[in-house]
Every structure is written in C-alpha cells, then in structure tokens.
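Look at the two complexes coming up: subunit A is in both, with subunit B in one and subunit C in the other.
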Partner chain A sequence: MAGLSNYRFWAYAGLAVLLLALPLVGDEFWLNRVAKYLCYGMLGAAVALTWGYAGVLNLGQGLFFGIGAYAMAMSLKLQSYTSLQQGSDTPVPDFMLWNAQPGAPTDLCCITPGSWIWLPFQWQWTGVIVAVILPAVLAGIMGRIIFGQRISGVFVSIITLALVLLVRLVVTDAQPLTNGFNGLTDLGWLTVFSHEFDPYAKGTYYLVAVALIAVLAAARILVATRAGTILQATRDSDTRALYLGYDVPAYQTFFFAVSAAIAGLAGMLYVIVSEFASPSFLELSFSITMVVWAAVGGRGSILGAAVGAILINMIEARVSETEALVEAWKAIIGILFVVTVIYLPKGLSGLAHDGMARLRARRPSFQLKEEAGQ
Partner chain B sequence: MTAALTLDGLAVDFSGFRAVDGVSMAVEQGELRVLLGANGAGKTTLMDLISGKTRATEGKVLVQGRDVTGLREHRIARAGVGRKFQIPSVFSGLTVRQNLEVAQSKRPSVWSNLRFALGMSEKARLAEVLELIGLGAEAEREAGLLSHGQTQWLELGMLMIQDASVILLDEPTAGMTQGETAKTAEIINRLKGRHTLLVVEHDMAFVRDIAERITVLHLGRVLAEGSVAFIENHPEVKAAYLGKQGIA
Partner chain C sequence: MVDILFIGLSLSSILLLVALGLAVTYGAMGIINMAHGEMVMIGAYTAVMANIWLGLGLIAAIPLAFAVTALAGLAIERLVVRRLYGRLLDTLLATWGIAILLQQAIRLEFGLSFFGIHIAGLGSGLQNVPVPGALQGTVQILGHDFNAYRIFIVAMTLILAAATWAVMYRTALGMKVRAIIRNPQMAAACGIDVQRTNALTFALGSGLAGVAGVLMAGFKTVAPDMGATLVVDGFMVVVTGGVGSLLGTVAASGLLGEFNALVAMATNDILGRAAVFAVVIGVILLKPAGLFTFKGR
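== the complex of A and B ==
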C-alpha cells in the first residue's frame, strides 16, 4: 500500500486480528464493555485526525458524538416496547407523556411542543443516517466559518468548547423533547434484516469491532493520500501552503468533517451497545478526556490514539474494581497526561516508532526490504 | 511579448502612510530583477502587494498580462506567483520529498488529491529538483531537521517545482555563510530564464553575482532603474542609499 510502510501495516493487521479473536476468550458481559471502549477508540482516532494531522484541537468533539448518540437513541426509543404502550397508533416515548400538557393529544406529531422532530425517526435508518451525516454537515458549516476566517490555534478550541456547552444547555433544557438530564433510556434494539442486535450478544460486539477496523483503515488510507500530506503541510505552515496555491480552509474543513462523521458513528454504535444516550456525552470533561486518550496513545497516529483510548478505558475498568483506587483514578489520569506531554510528546505510538527506527538502524537488511515494500 | 510581471502605479495607504507610493515597473520573461532600497523603502510591502498578502489601494498587478489585483493569496499563487519569505518557511513535520510533493501538486482541490501515486514525469521532475538544490541525500529526512541553509534551498526547490512563472525572493541569503551564499547564487542563476525572478537583497557581492537589472526603491517610489554598473554610479542612489562613499 502506498505511503504505508510494512510494520505499520502489520500493526493495523495485528489489531484487527486481536479484535476479531477477542470473543474466543471473553464472556458476553465483558465483550459488551469492550465494545464500548472500541467506540471510544473511534473517538481517539477522530481526535488524532484533527489534532495530530491538521493541528486543530477540537475541545468539543463530544458534540458530534452526542449528536450521533441522540440520533440513534431517538430511533431506538421509538422501537422500544414502552413507546408502543402509550395508547396511540404511533409509538410515543414514555417521557413525553409525563411531560405533556394536560389534554395534549397522545400523538408523536404534537404531544409536546416540537415533538414532530421525532416523526422521521420512526424509521430506524433515519437515526443511523442522521447520526453520521448531521455531524459531518454541521462540522462542514463550522469549518467554513471558523477556518474561512483564518481562525486557528487556541481560538478554535475555545469556539468548539463553547459550542458543545451551548448544545448541552439546550438539550438539558428541552425536557419535553429530550428528557433533559435523564437522557434517553429504555431503548429498543437495532434490527437489520430481522436480526436483532442484542447488546449482550457477540454479533453486536462484531458489529462494533468491524466498524472500528474499517474506520481505522479508511482514516489511515485517507491521510496517506496526497490530500493527507497537504493537510499535514497546512498544519506545519498554513502560509506556505497558501502561497503554493492551496485553499487551506477547504482542507481543514474537509478533515474536520470526516472527524465529525467518525465521532457521530462512534456515538451511534455506543448507543446500540449501551442502550442509553445522556447529556453527559456533551459535558466538557468527556471531550477533554478524549484529548487525553489521543495524547497518551499518540496524536500523530490514528492507530495509536485509538489504542490509547481502548487501553486507558480497560485499565480504568480494572482499577475501578479496587475500591481504594476508584477516587484516585481521576488523579492517575491527570498525572498520566502530564507525564506523557512532558516525557512522551508523541505518546505510545511515538515510542513504538522510535523503537522501530532503532531496530532498522541496527539491521540494514531490514531497511532495504522495507523500502522495496513501499 | 507581454512582460511576465507588470506593476502599474501600485500604491498602498496604511491610514495616511504610503509605504508603496505609485510604483510602476515591468519585468520581462525570464529576467532576474533585484530590488534595492534602505530599510522602510517599501521592498517587502511591494512583495506583499504582488502576492496578495496586502491589498493595494491603487494601481494594478499583471502576471503574464492577467490582472490579479485584489485576488486572495492562493488564487494569485495559482496564477503563477511563487513567494519565498525572509524567514524560511517549509513544512517541518514532513520529509524533504513530501515538501516537494506538496509543492508539485498541480490540482489544488481536496477531491482531486484523494489519490496516491505520482506520475512518471512528476517523479522524474522531483528527482531533478532534488539534485538541483543538492538535497538528494536528505530526501527522506524531516525538513525540521535541516540546517538553515538547507532549509532555504528546500524552499527554493519548492518554488522551482511549483513551476511559478514569477518568483518573489525576500532576502534569500539572510543568515547564510559565504559558502552557502555562493551555492544559493548558483541555484538562483539556474532559475533564470525558466522563471522570472524578483529578488530583494542587501548583500552587494551577491547582487553582482546574480543581477542583470536593478530597481532602487526609496520611500515607496522608484528612484532609479538600470544595470549594476549604472546603479552603482548613480548619484541620487549613492546619496539616498549607498552613502557618499559609494558601494563597499
């Protein structure tokens, strides 16, 4: 594959095999938990794409994850049997009934103000499509405005951060429409060709694992194209790229939108696995946690950032079983971040790359083979 | 034949201060023109006006006869204007080869660059430029690890491979050793003919090495224009810029 040297290819292939083999060693409960972490892995890759490759630190990536999650959850909520028992011909979410004005018609179109937004989500694929397309379109518009104005660096972070908090405020405030702080729970299952994706079945784990492998491969191929090289060029010097004739904002916007679509997909799959969507996805701490995952794994590497996210969450799950460490975990994560930034600025993947470089230097024949394989 | 670069009464007004004040000049195809002038004469501002970094308040810029006045920077670049800044600017995280690949891309849009391979002719040209700038051995190194001189040459190579018809160079030898300066003169002399160059430079020894015609700017206006010998003996130039003693 052009632009991918051999050991990188084997690193991707190795992860793919590992993920597909996991069901051989774990029970369904554990696999369900791992599937959630794989969704986080996608988020790590999405952050690496913008932060590492475009030099754009999005502190509101949770916005796109949240949109993906809510879109899917709206469709699955309407599939839930609790929505079918509200005395109406069409499904109506139970919380809308609790929030409706006395005497309001028990119908999805008008039970609460604005409830008609839910109408298209009766079709399950609306949720799936909106979960990916809406984040991409929104990011496209944001990118056009932000990058078109030549806004960069910390100001992009501030704008994205403000935006995710704004949306969180709106979502928690619109109780009759979104169930506010409680989020969307009691969801149905995704059904494809009459196969139901039970969150605690291996099929659902495979769905997420295959999606992650596909996303990682696609993102890695994307950054290996000339457009990917040009994107990295704009990161190093946007002026130089501009004077070479490139419309720099167009490149930044394109990859910003791709990253948003990945985050939306991650949110959508997360809901399928976890059976809830909550405004906590839109909290600032969640978006910042994603940045920590990418930093520890290595923001310069799609694979590294994804593995960083998965590993940190696996460790967290193990640690939280030890009572003494539950409270200390946040501090451990904080220290981990600081140590990585100071001593391992390229994260775990940077460590791996340096190790490979040292190995090649020691074995010249290895290097020759590698070049022939490029 | 139309001139490669024509400036017609170009002026910019920074709220009352006219940094460039009605400059008209024509640079012929393949010519190398040196811009001389004391600090504040308006040399860099003139380059900003040509490349679109600063917008002119009066006058016109024509590249190969096409009016590019007021276009955005990347549009002017696509019209054939390449620029090298005073402070070398390359893509430090990319390898030398990748730097040149980025500069080489003919199609600027995102969609047309969603592909991998370079064509045979593009590969050949890339190898040729690597040789010209003497960085063949450094092709796979990260540009951020190059020496100051090498960085400048890489940037010159990027302008070469970009195939800009008009190249603007702002003090290409600033901060270079004598050896590096000599090599830079060699590279620039090779660019002559194929590209039209406009060079800002202070080092008179270097100017004698590369220049054919010189334009002297003073307080935003053209003071004199002519051959090296003509400029060196021009009384007003001596008074305004070189000092009463002449050129060192």
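== the complex of A and C ==
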C-alpha cells in the first residue's frame, strides 16, 4: 500500500532516472534534440502551474520564454568569436555593423541607437541572471496590475496575448538592436569554470535534464505548501478565498511570477542547446502550442504537462522524418487537441490518476472480502 | 490627412468585417471561436473555387460563401462546440484545434494530395480572385483619389453591420439571442430553445466570416494560413468594444483602425500594429468589461 499511495513520488523519481539514463542509449545528436524537448517540458510545467493550479490561462507564456532566450543569446552572442571579429577590433555583434549608420563609432556603447543596452551582457552571467529575473519581475508587475484589478478568466488571456504580440512587433522593428526577423544566431558557448557547454556534448544534456528535474520537484513541492493550497482555493472560488481573508492577488501574482521564471529559464537553456533566439518564440502559435502540450499531458499535473510536452515533441520529430507526414501531423495534432479537450479534459495524467485510483480502490475491497471470509 | 483617415477607415472596415461574426458568437454564446479566422479563409477559398469551377465573379460568390461557411459553422457547433458550453477557455482550445485541422484540410486538399489527386484552387499555394472591372482603379471624390475596391469594402461592411443589427434587434431570432446573452437559464425557462438558437447564431457568425473572406480575397492573396492573425484582431476588437455590444464592436473597430493608421503614418506599419495592441491592453486594464456594456446584474 505504501508504494501505491506514493505513486506520485515514484512517477517523479521514475522520470528523473529515465532522463539521467538516456545518454546511455542515444548519441549526441539525438540528445541535443531531446534537450530541446526537455526545455519545452519546462514550459509545459510552467503552463500547468498557472493554468491548472491558479486557473489563469496565460496565452503569452512565450513572452517569458522569449525574454529568457534573448537575454542568454545576447550574452552568448558577445562570446562568439566568429560573429564579433568581422571588420572590427572592438567586439560588436556582426549584425550591428550591418545595421549601423555610416560613420557610427564601432563601439558597443553607441554603434546603433540603444546598443548600450548590450554592455552589461558582455559578462555572460548577466544573460543568465536577466533570463530568469526579468521574466519574474515583469510577471510580478503584470500580476499586480492584472490581479489587483481583479481581472480574471479570458481577459487575462487576452492581455497576455496582446502583450506578447506587441513585444514581438517591437523586437522585429528594432532591427539594429535585435537583428529583427532574423533573430540572434552564431552564438558562443556558455562557459562555466572553463568548461564549455558544447550543445552537442552530453554535459549540456545533463545540464538541461538536471534543471528540468529540479524545476519539476521545486514546483511540485511549492504547490503542496500552504501557499499552493490557498492558490488552488483562489482558483476554485476567488470570492470565497477573498472573504476568508486571503490576499488573493498576492498569491496569484506570486505563482504567475514563478511560472514566468520557469519559462525564462527554459528559454535560456533552449538557447544554450539550440544556439539561436528568434522572434518566432513570441508568436501566438508558439504560446498556444505550449498550452496544447499542457492540455494533452494534463493541465492539473505539473509532471503530466511536462511529460506531455516532451512526448508530443518526440513523436513529432519522429513523424517529421517522413516528409509526406509533416503536414498530416499538424492535422493529427489538431484532432488530438479537439478530442483531448472534449473527452479527456484532465489529459494523460488525469487518465493515469484515474487508473491508479481504480487500482487502489480494488485492493481494500479484496482485503475486506478476505476479512469477511475469515 | 484625408488619405490617412481613409486608410484608417479601410483598416477599420476590415477589422469590423472579421469582428462582426465574432461579436455574434462570442457575445451571444460565450464561445471563443479561434476557428473564426478559418471561416474567413474558407469564405475566401469559396470565392476562388467559385471563380475557377463555376465561373462566378466576386460578388456572385458572396451568398455562396455565406451558405458554405454557415454550414461549416453549423457542423462545428454540432460536433464540438455544443459539448463545451460553459467552459469558455476550453472552447478556445478546441476551436484552435479545429482551426489547425481546417488549415491542413485546405493545404492537403482534404487528404486527396496523398493519393496524387490535385484540385485546382486548393493546396498550399497562393490563390487570388480577380476583382470586377467596375471596382478597379480609383474614384475621385472632392479632389481626393480613393481606391474603388476599398470604398466597396467600406460600403459592404456598413451594409453587413446594418444587416447584423437588423437580425439582432428586429427579428425573433435576434430577440431570442439577446435574451440568451442576458440570462441563458431564464431564456430557457421562458421556452426559448437555447440549443437551436445557439446553433443558428453560430451559423450566422460563421456565415458573416465567410462573406468577410470573399471581400478580403479581392485585395489579399488567399492562403491556408490567412485566417490565423485575423481572429486575434477580430477578437481584440470585440473585447475592446464590450462583449455582447454590437455598437461597441463598431466603435472599437473604428477606433483601432484609425489609431493604427495614424501611428503607422507617424512611425511605420509594424509599430502601428504594436500601438493597437497597446490600446487594447490599456482598455482592458481600465475598463475590463469593454467600452460599451449593457447593465448586467
């Protein structure tokens, strides 16, 4: 019985072991792809945290992922030897040279208007820190305003959606600062204590895998705390939670910020693995796709949402190897989504929970019968 | 200045075209139909197909597109949306799935392309519809040149808006719909067949999107993914205007379209669009219920 009642713990532990054991069976190229999907898994968990536990559907989660990605990419761009040395002794990203006004000083401080914002990113840890802190701070401010106004439900979704699309347009428009549509490519490697994280090395995979395990564990522990319980109370009835004396906006804001930080971390790691950042992270379809992952995996389960994201992407990668199926796969995703929402609102994890509940319900009944027989 | 205002008016009319149908479905039924943009797309493809296969012109395709998309809307309501009433965010997600499915249906020619069968007018390529000669070129009014087709769109939008208003406020169906907006349970208790009314409303909203699609086919390239951005725009207009308020939708589309044109004039097109999103966020933060709302209880 002890094993069964703790099956949630064993599910987490099982995933952790599985993730850490994967390098035993795959080559570096495959591991690099899986590492990207693990970043998506983090995003799934972030969506589940706000949507499943707080009842707030953030349709702009890509904003936080994008901030994390761009912050890290800015730092790594300044670490890249190939893109810095083109036609200049002073380190300036290549695209800034192409976009600079004739006669502009070839210096990071003032080559293009606003390029001074890149200065702190010469230190690689600025990128790492900004990638996690800025999304959290921004989400904190957004949360204070949105939840403080007691805006809820679909209106939160619209605001977050409008914001991510707004930022996408501004980022693409600021070509001299962000390289516009092209995004940031040709990045250097993250270097920690003179260890370079080559995206196609096992070390980088372990970095992402450990980060995902830590995020999942931390998020799961967080929702089991008193604050997490109150959060779920606000989801089920915010008016009642308010009348019981809880500061509802504060709890919602806190978890909104935590979710944003997780998304920022995911974006940061994604850049380390994939070596690019692009405005496509800020597109509507990406933000909705994350929600799809979480819905299929199970919006009410952090683990489920993460597993959903990883599984869908792994299947997608496998299917996309056959060219004829690429377009058909999108149609399958569409059908899968409709079917999930209608027939499986709790997703795969809901299915697993129900299965476990049935298993557990059966055991005591056997015992009862035996006792009655005696 | 007149030119900029006219560009704004023309942007507004396109926003309103898309938003009219959404105002009906979202306002009346509490359904966030993310496949609304795909209804526009299907309307546009109806015009393309009608032109290729039936030799029909743009204007003759309008009633046809209304019928096709209304039927498609009816099917979506029967198969999916009906099961999701009261689960607002779930309708958003399920209809997003439908939207992808519809896009792929056009792109893959309903799956026939797997068997090597190709239908002219479908597929992943770009299509266009010829504009009737009378609507080409420019018209001179008070010393200013105006694009004739854009004037036609503004006029058609006004006619459609008036027609929608007439349906909502001058017919028995409209009265039932408005009763459902206020209070579905009470409406049902008074003997209104809520399911049937909702199905008809959804068909009406989809049909309006289809007409918008035909009109758009005249100045935009028709492609399977043309609807994806439209639905966001339309939705922002409806929310800004105030859910369930037709007048609010008209006002919001005017406001956002003109604002877009003015900012785009002062800066560039990208920032013009960005400014629209900023206005939408501002309006929702200040007046979460939208600019125009009826007094609820």
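Keep this in mind: the second predicted complex is superposed on the first by the 352 of 374 C-alpha atoms of A that agree within 3 Å, B and C clash if a C-alpha of one lies under 4 Å from a C-alpha of the other, contacts with A are read in each partner's own complex, and residues count from 1 in each chain.
In the analysis below, a residue touches a chain if its C-beta (ideal position, glycine included) is under 8 Å from a C-beta of that chain, and two chains touch if they have at least 3 such contacts.
Note that this is a predicted model, so its numbers are computed, not measured.
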| item | value |
| --- | --- |
| First (subunit B), second (subunit C), both or neither touched by A:145 | second |
| Touched partner set for A:244, first subunit B, second subunit C, both or neither | first |
| Contacts of A:336 with subunit B and subunit C, given as first, second, both or neither | second |
| Partner chain(s) touched by A:345 [first = subunit B, second = subunit C, both, neither] | second |
| First, second, both or neither for A:327, with subunit B first and subunit C second | second |
| When both partners are placed on the shared chain, which of subunit B and subunit C touches more of subunit A | C |
| Contacts of A:233 with subunit B and subunit C, given as first, second, both or neither | first |
| Touched partner set for A:119, first subunit B, second subunit C, both or neither | neither |
| Subunit B and subunit C footprints on subunit A, overlapping residues | none |
| Complex contact set, residues of subunit A against subunit C | 57, 145-146, 149, 151, 153-155, 157-159, 161-163, 165-166, 169-170, 172-173, 284-285, 288, 291-292, 295, 324, 327-328, 330-331, 333-338, 341-342, 345 |
| Residues of subunit A defined as touching subunit B within the complex | 2-3, 222, 224-227, 229-230, 232-233, 235-237, 239-248, 250-251, 254 |
| Of all residues in subunit B, those that touch subunit A in their complex | 51, 73-75, 77-78, 82-83, 85, 89-94, 98-99, 101-103, 105, 108-110, 113-117, 158, 162 |
| Touching residues on subunit C, where the partner in the complex is subunit A | 32, 80, 83-84, 87-90, 92-94, 96-101, 103-105, 107-108, 111, 114, 124, 228-229, 232, 235-236, 239, 268, 270-271, 273-274, 277-278, 280-281, 284-285, 288 |
